[in-house]
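Note that the chains are named A, B, C and D in the order they appear, and that numbering of residues resets to 1 at the start of each chain.
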Amino acid sequence: MSDVILEVNQLNTYYKERGEKKKHVCKNITFQMEQGEILGLVGESGSGKTTLVKALLGMVKDKEGAIKLNAKMPQMIFQDPYSSLNPSKKIGWLLQEPLRIKGGFTKEEREKKAYEMLKKVGLNDNIFNHYPRQLSGGQRQRVSIALALMLEPELLIADEPVSALDVTIQAQIMDLLLKLKEEMGLSILFISHDLRVVYKMCDRVLIMEDGEIVEQGKVEEVYKNPAHPYTKMLLEAVTTV
Amino acid sequence: MLLEVKDLNIEFHDHLTPETVVYDFNLSLKEGEIVGIVGESGSGKTMSALAIAGLLNRKDMKKSGEILFDGKDLLTCKRSELRSYQGNDISMIFQEPMTSLNPVKKIGAQVEESLKIHTNLTKEERYQKAISILNDVEIKDPESVYHKYPHQLSGGMRQRVMIASAMILEPKILIADEPTTALDVTIQAQIIKLLKKLNKQKKTSILFISHDLSLVRTLCHRAIVMKQGYILEEGNIEEIFEHPKEAYTKQLIEAIPALEL
Amino acid sequence: MRYIGKKFVTMLITILLVSFFVFVAFAVIPGDPALSKLGTEATYEKLEALREEMGLNEPLLKRYGTWIVGFFTGDMGTSYSYDMPVKDMILDKLPITITLTVMSFLMIVAVSIPLGIYTAKHQGKAADKTIFVLNQIVMAIPPFFSGILITLLFGLVFKLFTPGGFVSYTKSIPDFLAYMVFPCIAVALPKIAMTVKLLRTSLVDESKKDYVRTAYSKGNDKNGVFFGHMLKNAMIPVITFLGMILADIAAGSIIIEQVFNIPGLGRILLTSISNRDYPVVQAIIVWLGIFVIVINFCVDLLYKVVDPRMR
Amino acid sequence: MTIKKKPNYNFIIGSILTGLIVALALVSLVYTPYDPDAMDAANKFAGISLKHPMGCDNFGRDIFSRVMEGTKNTLFVALGTVAIGTVFGILLGAFTGYFGGILDEILMRINDAIFAFPSILLALVIVSLLGSGKYNVMIALGIAFIPSFARIVRAEFLKNRELDYVKSARLMGAGSLRIMFVHILPNTFSVLASSVMIGFNNAVLAEAGMSFLGIGVQPPDASLGRMLSEAQTYLFSTPSYAFFPGLVIILMVLGFSLLSEGISQKSV
């Protein structure tokens, strides 16, 4: 039994917009995530998965329940590679920013680490002096991954990291993530709406509908014997289509 | 043959050197047939579709070749003649149902707009037709949806409304440009089913543009694979998936994560 | 209905806020009105007595309360310099400024909207480019200078009107209106240019939207797309702008009244500012403020009619 | 791939006009053909000549020298106005836009109330309270301009705050101030630049308008607006007196608006 890196117990979150009734977004969310696994989180828009992620990162105020995180500074990669990189900064500057904030590095050390990271995610050195707008979607997503890994986090949250990309690029990014996971011993919470992608990437999966986790388990088991009607519907949508 | 596209080339002239985005595009579409055009971004699939729908009229763009519909060349015929086909014989639906609907007009008005343009039906007749097509696209309570605005509907509903407004005159060809990409998977499956149903019931031929090979496989009879403006491969759906001739096609198919259940 | 009610309440609150700010500004900053009324040589006792009489020894909020109640019941105080009720001073000038504002606004709407549509429809053609250049130049001419040019050209050279020969509406309404045409042109010109430019930009932006492509795909011709689809969407930012313009003209009338020698509200405001006649300044500013706020309220309501997403 | 570019006429003409006007103002700091305030009864209403390229006014002062001086004053006031408006607008807009909440609500209500007021009216109120003069006009117009800048900056911050790159910066451990001023602010510059340009023009027009009314720049300082109002009396006899100051205002505003048009064309 490996160590638990994230434990969520009876998490409830609420959201209130002015003049409207308080909404109950996440309902009684309970799950565990183990060190070194890739845990899939599947749900459609409005299922509450984005709110769940925000809650895990401490960005939701109105919540009850326990979130136990055994990793320091979880990092995140985002769906839209166009809005996740600051358009006014060069890639090199961006990659050094986490180290600059953390402090205790000389300029040379920072630059060396940034170049090393670029190499790790399969990018050329010359990208260091490029602006995000000069890169393709796939390259940007590699930069995002590099940026998230600069602080060597133990937990990485990947929010639909491939769904904005072309299929051939998707495959490359997925392979990169799998490689980095092995190299760096990452645990990844992998959010996706695409059951095929989850099948390729994840060890276990959580199925979310309407703020609740309706089913969880090993990917093969859930896919072969879906217990909840919603899971069945999702799988049907993929296999009949 | 319902539609025949011969050697279609599309060039942009907004730069110093003209840039060709579609090279020697050929396509034939039979009545009742569903043909898929597959490719990644920049493959020229959307440009070809827009050209066939008669929606590429920018001045800095050059088109050559032939687009024969009913023996008439849509590329060279008069604009007024082209308009008489648009929405009437050839309709189109788009990727983003929210932005593709006019935000300040009621659903009813948008659904029956083609009737207003192409027929002399009375207001009451138009209303009846609109309600009946809204029923056909499986919208519950069409009478109330008729009086709503786009922002009051969900994404899936909006795409159904788009389909209704494109299908109201029972066109011979429906061009669908990534109609399900912006939708959730379960909604996506419903829309694909709906397109299949409409194709069977109304014998409408569908030109289905998508980046998603698994969708194309379930929906289409034939498919064309495009890359960087060129047609790489075309053929029956089974042929393409079982025995792809081109390495790129193989790569595309392999990029879809397998689901072994 | 709830929306209107909410907006109406917001409007009332804003009016109170604005009037309070103005009141406080004029109560605190200029110093002691009793002193300025009596002069520096007044004795302490006399000053105290006057302060008591003017209610200056009351707490600020109470003074505001008395003032605002008086304000809306028709008692706007007494002018320091003319020793007559402010209300009477304002009331008979009001029609002049209102005429100036409304007439120039109508000119702006009547000219700029057709012209904006025309330029957008002929985007990139010679007519569009010419109008663009004209627009840029006209926008750069301050209304007081165009006023001077109009006076020179139509008044002194073509003798279409007598510069400085303002005829009051109480004497002859046709002559009054005939004189007002020229100041109104001076006010309207730069605003027409701005509105044309905004409407054109707005229409061009709309033309790139997806729903326009949908409209063409249904067999609409250019006019069908422009008038049936784009115009209503494109008018949304223009409505806000026209609301701002209306407020701007009312304020800008101060300058144009000076150029054309029109004895309107602006004229009194200006003399009162230089005479430090605060009750008059205060009253005019608050009225102009109320005018602006009410316009904004109307713009909000108009929005609701045009844009269903606002409901 | 090389992109075909039509020459950016707006930018070229705008730069030339602005350059000329700025040069005129800068030269006036060290040299004017005559003392702008020197009266010369012999040259009253002197016509256009080599000695007096724009003629002389009712006191025999050289109009060209006065136009140079006035241009300098107008530019100075406009620059000051825009500086006040931008600095406070950025601060106000950045904090309210980034943090939101109750404070934002209240400040924006007040902001809207002020913004609803035409800036010239607001400036008049402030001038009537502070008194007229170059610096008071600058302060008055500056305050009147804060809300519009604050509004633009706030909208940009509101938009950017929701973007993933800000979330990503927060996850790196960046503090709010660092996120606001190092990460977000540079992304608002392009929008801010165009509104600064528009603001500058409005400031020029407002200053000229107030000086025209006699409550702006005060004598002995020369001012374009004031010259125009003085010239009005002699409009028929000496139209050139009104013509040149007016022309300079137009060229100044035109140059700047073409320049801003050209810049936005460039960034597309």
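The working rule: contacts are C-beta pairs under 8 Å (C-beta built on N, C-alpha and C of every residue); 3 or more make two chains touch, one makes a residue touch a chain.
What you are looking at is a predicted structure, and each value in this text was computed from that prediction instead of being measured.
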Just how many steps, at minimum, does a route from chain C to chain D need if it may pass only between touching chains?
1
Leader among chain pairs (count of C-beta contacts)
C-D
Please report how many Å separate the Cα centroid of chain B from that of chain C, as a whole number.
51
Could you give the separation in Å between the centres of chain A and chain B, each centre being the mean of its C-alpha atoms?
34
For chain B, residues contacting two or more additional chains
none
Show the residues in chain C shared as contacts by 2 or more other chains, in ascending order.
none
In the complex, chain C residues that touch chain D
14, 17-18, 21-22, 25-26, 29-30, 136-137, 139-142, 144-145, 148-149, 151-152, 156, 163, 247-248, 250-252, 254-255, 258-259, 269-270, 273-274, 276, 281, 285, 288-289, 292-293, 296
Report the residues of chain C in contact with chain B in the complex, numbered from low to high.
209-211, 213-221, 224, 229, 232-233, 306-309
If you look only at chain D, which of its residues touch chain A in the complex?
163-165, 167-174, 178, 183, 186-187, 189
Chain A residues touching chain D in their complex are 57, 59, 73-76, 78-80, 83-89, 97-98, 101-102, 144, 147-148, 150-151
Complex interface listing, chain A residues touching chain B:
44-45, 166-171, 174, 193-197, 199-200, 223-224, 233-241
